[in-house]
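First chain written, first letter: the chains are A, B, C, D, E and F, and each begins at residue 1.
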């Protein structure tokens, strides 16, 4: 909370930071630790190091970087030049460190893997956000995240200027084709959902075509509608039909090539799984001087 | 071990499978579970489902898929059509399931996220492997993995036909520029490494140029040499200089564009961080019939 | 999922069941287990046992009871007469068991503590629900739960016929006096909330008086309003003012004495912390015959 | 140990404090944290807050309160006015805090839930203790505790001036009717118990009537006897029969209505499950000024 | 509980078995598993194996052995010839297995390490027990156990025919010199202990000489006395002085050389740290036929 | 890393230290903590204490000792006189402490158990190392370690001057008789191993006789050979045959009685399971002055 490295508009639990860093260090240190440095670097040696973004992008993961180095050297001196949630150009120095050389070398890869992965997600998100600037469309993520990293990746999406969809199956209802089929149609499924949902649970329903959307408008009861794999043309018609009564989310086929056309339709949200499950890592490095 | 879904040439601990599946389910189910299905699907409903690879690629993660569904419905019937470590064309059915509809829907996204991510890594690896077919070059991974998923991603690399580099800092020595500098040169660093390493620890040293390689050849003591960011031309010379005395690993700038030229030089290994940290997810889906 | 003991309208994760049962058994078995039974009961002895509700109430926790006994005797035979979410009269047999006498005795207290606690919550909830029957008012819980048992107690509330408020700080926004004060008033706080919240996050705001409610109506942007410690009279006026534009939740001073008057005002929800943090345990017992 | 907030006569492991606080924070923060405060409170804002007991009672849980706030803001300033194990009147300020406003708001409910629950147990215990003042009777707890909270609730019982019964099945023998029946009577069961128990394990036996008590007196071998659901009259006779040879514990039907009569019989211990499984939460609050 | 491999007179929690086996397998399998067998043994190969005690001794750990193999091959066929708590001669076959060859080889070392260690403790204990046969002296352990293995080693002591001392600091009081000194003498320390201890907590006090023992006899209040590093002569006098009023435990310098003389003094317990912290492993092996 | 108590030539992860200390404290403190000290020592009392090696030996475990005391009293003052990896004579003071008396007494046994166990391993190792001084033979450990303590015991071996064999099944290949038999001989097994192993995995093969060794020399492909239970005479012949082409490890029957003769043969490594699975604990104590 007092960790000024966090993106001010988003949350990453200190418990989650500790767990992620501990897990990542444990898998890299293994049972014998950095055997190369133990053999070749005196345990009294000190290192100075700079965390650098080799490519430009949006930052995410700096609190985890600091935590990784501190976990191995509690007395390491850290000066941050950036915090999460900013965009930087290539070759930007993000953070400076002075501490035990063995600790710096042992935590290096873990710190960079965390920063590279999350900044990759933030950068991909930010690229979409940049394209929709000036429109009403917000970029949002999905539940197609890397297993075990959901809270971190959802945070990274916020760092990149995006919005979060559901964090899990439990924090909102999203009614899909199977639910509609089993319940026997759009009206009964929405009635069942409303009968079950409390007043703090949103109900979104997925529609494949404008006919279904029309039915949702007739029934009411939905808080939001997901337009699944619709053409840009149909999206535009959907926006007109709904006329602001509830938010519309465009999903399916949202890429950097299509996003501007999608945003031009006036949908409220465009959601992409790609920004979490397939965004390439941002190229980050540690320049070390022992 | 008796889990015939595992790639026969690689290992994924049943402990690791349980942990990964539990972690992934926990983060998706959250505190209230699949509130949509609870509201709209009777708890007695049964679903039939097929796990499908929408795109072609190399499979990895099927034991985790089975484990995820079994974790929520211990009596689910599973028929596997494929195991890990095979290549499939687009639209291949990988596995069939019949079980509790609520369980199938609740585990769907977790199963697909695991399968898509690992098959993405396997597919990327396999693409490299395909390009070097007929050469002596083996494709291998690095420690640039997604934090928390190292054992899984290393397994996926094997599923794609690749080889594993170090699993962590502890299972082999890799001497880099900082180690050389602090130790005072190639001879002293290799002597220190050998004095510390037991007989079951390999010592690899990274060189930037042929001059350094020459020094390594003079000193001896190395089990392998990493050629860091060398030109294809220098790689070819390095292969000639070493003449099979130890394996040579090319690293840095290994892409699908360069891999064939690199392999043509005769290096023993070409290592890529991209296949683990930036490989896009394979497109997999669950076709459900309730 | 296939566990037919679960209340059909609610969810309790099998992961959560395992964790809760393991934790409870671990704290009761300690390091040496049931030293009394080891000393006095042959390890080959078999016990027949009946889980009985000594008092009437609403059931919650039967899947945990089964899991506790199975954890110590995987081959125990269990016949359930009831499932979670039903109301029973005093002296109802809920479940029959036949298995290892030592296992039955060792798991007895853990099973009863789980069942008694959760059925206590369900019974308290159900008592409120019974009083509001025929009105539009739904009973709901709060975040005032027993530490470590939130998911279980929220499930128990559903078993008793209640609805769930937020599961945590993260699944909906609830704007309170401090948030309003820091943001500088009702309009700015609601605007900030909306600017930050995605389309699947509800925004509820707490008001102390009808003047504030009026302001909320003017501003719009809220999905629900919490009437904090208002008189029944003011609640009635609030219902009239809002006229169904969003749900109203009455909170503060909701007791069995006041609930009927509160429900008569027409509020949509009445929320009580007492049903989770102070509901007395339901009296349940195990009749054993070895 | 150096935590002066602990009750001086009781123990709560720092490991247990960390675990309880982490678990409670994790379940409240969820995956996205305090989304309301992130949206509406600047991350630089500071809050002053006072933990207040709204009702009078016995304190228990203050070290957990401090730990919860520190976990989210390691630099928070905390001034304690009270420690655990004291009795306070209504409206007593227990602790003052100055720290990150977001951290204070995010930890508030967790801190209060812990404090309210444990102080509720301590207060209930203390109420019994107050009634027996001047008699030889000590109030003690049972194993009927809230699942997962045994160590904490046993500690709270000590904070309220009570004594602890067994912490689990493993730290003493308590012979009940089933054990007696299987072993073939009071003599054989006590002999088996003694043959198995080491010299640091107490053996208590439960009797339903004075005839059984007489048999225990004849056999000897017991360290304590539990009088199960006996009338006050029989308790008095039991005290006379035993004449101080071992402690007598009255159990069953111990309520605030009966406790004084029970204590008047001269029994050494009166044990109540109600003080742990059904004590209402103490009303505690946080007054915040941001 | 239904696990007939457990010693019938002792307890080992199934939770503890799972934890110990999982931890041991995880540290041996590491991140890549049994790389040798994956390379050289087909995954379809079946192995027959026999667990053999190469030396004679007392068995302890067979349920862990079975659990380790089952964890890697849930369908392995296991036939036990012995259970825990028996003494066997050299070359005794303890258990037969038929299952996946890879699983058998991967679990082999873990299974043997567990069995060898615990049977080593049981055998050492049994050797002491054998020497005191026919006397009233019971052999018991201490808290000088291998870190992390206390519950397992205490169980092994029971398998060898010994008795357990305290399992931890919490299940009995043992007053030592520092406690006596701070409290200001034997009377005040025993009074403080009694004032704090409930009726199910034994109080033992350590004395260095007969003068102190005399004082304990005068004060009363102690449930047992530990004779610390006393001569055999003084032990004999102590036995006479106490005359059965409470158990006497001889501690310090208890070895196989001294135990018979110690037992001849008539003390009730002789406790040894050596049987847990320094007992050599029993030589056990796995004969495999693939 | 900055923990100067670690042996400079070896590694023990701070994560592993925390886990080991937490686990050991948890099992000793149990649910109620040090009930004796709570009853008899004021919570304000301060203790001075000295950690002493009563016998001479090699030190290992001092960072764990410091961590154990700090875990219970974060403000304890610690002055170390020794670090891990040195040899000390009997009665050497290793560390001085000043802190909460209750914390010192509560952590005492855990600290000593950790230090005694690991220093026992280090001392046993060192005794072997001392015997081979001046020869080319290095002492190394095996995978026959105490379950759950592998990383700690491997570290202790290094503290005693020994070398580490494999840390688990995954960090090197060791081909044994079963692998050879299934693969159909020494040539095919080595070819399979090489085909599977990457360039950072050593391949060692176990041979029973010189004939097999000859075959390994013919085939090549092995990085090291383990001479299993060979006579000293055959070891000498093996050394001559191999002539330094790869390291030779003597295994089986390595005891303090045989080690000098084994070393005289010129083998590179002599490995002993005894130093980890059966080394007696070093006698260490805490002298306390409250």
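Just so we're on the same page, contacts are C-beta pairs under 8 Å (C-beta built on N, C-alpha and C of every residue); 3 or more make two chains touch, one makes a residue touch a chain.
As the structure is a prediction and not an experimental result, all values here were calculated from the model.
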In terms of residue-numbered contact pairs, which of A-C, A-E or B-E coincides with B-F for over half of them? A-C
Separation of the C-alpha centres, chain C versus chain F, in whole Å, is 51
Could you tell me the distance, in whole angstrom, between the mean C-alpha positions of chain B and chain C? 44
Centre to centre, by mean C-alpha position, how many angstrom separate chain C and chain D? 23
Which parts of chain D, given as residue numbers and ranges, touch two or more other chains? 9, 11, 27, 29-35, 38, 42, 106, 150-151, 164, 167-168, 170-172, 174, 196, 201
With chains as vertices and touches as edges, which is it: line, ring, star, complete or other? complete
Inside the complex, what are the residues of chain C that reach chain A? 9, 11, 138, 140, 163-167, 170-172, 174, 196, 198-202, 204, 223-224, 247, 249, 268-269
Chain C - residues contacting chain D, complex: 20, 23-24, 27-42, 45, 47, 101, 105-106, 109-110, 112-114, 116-117, 120, 143-151, 167-176, 178-179, 181-183, 189, 192-193, 195-197, 201, 273-274, 277-278, 280-281, 288, 290
Could you list, by residue number, the parts of chain D that touch chain F in their complex? 1-2, 4, 6, 8-15, 150-151, 154, 164, 167-168, 171
Note which residues of chain C are touching chain F in the complex, please. 27, 30-31
Interfacial residue positions of chain E with respect to chain B in the complex: 22, 25-26, 29-35, 38, 42-43, 71-75, 99-100, 102-103, 106
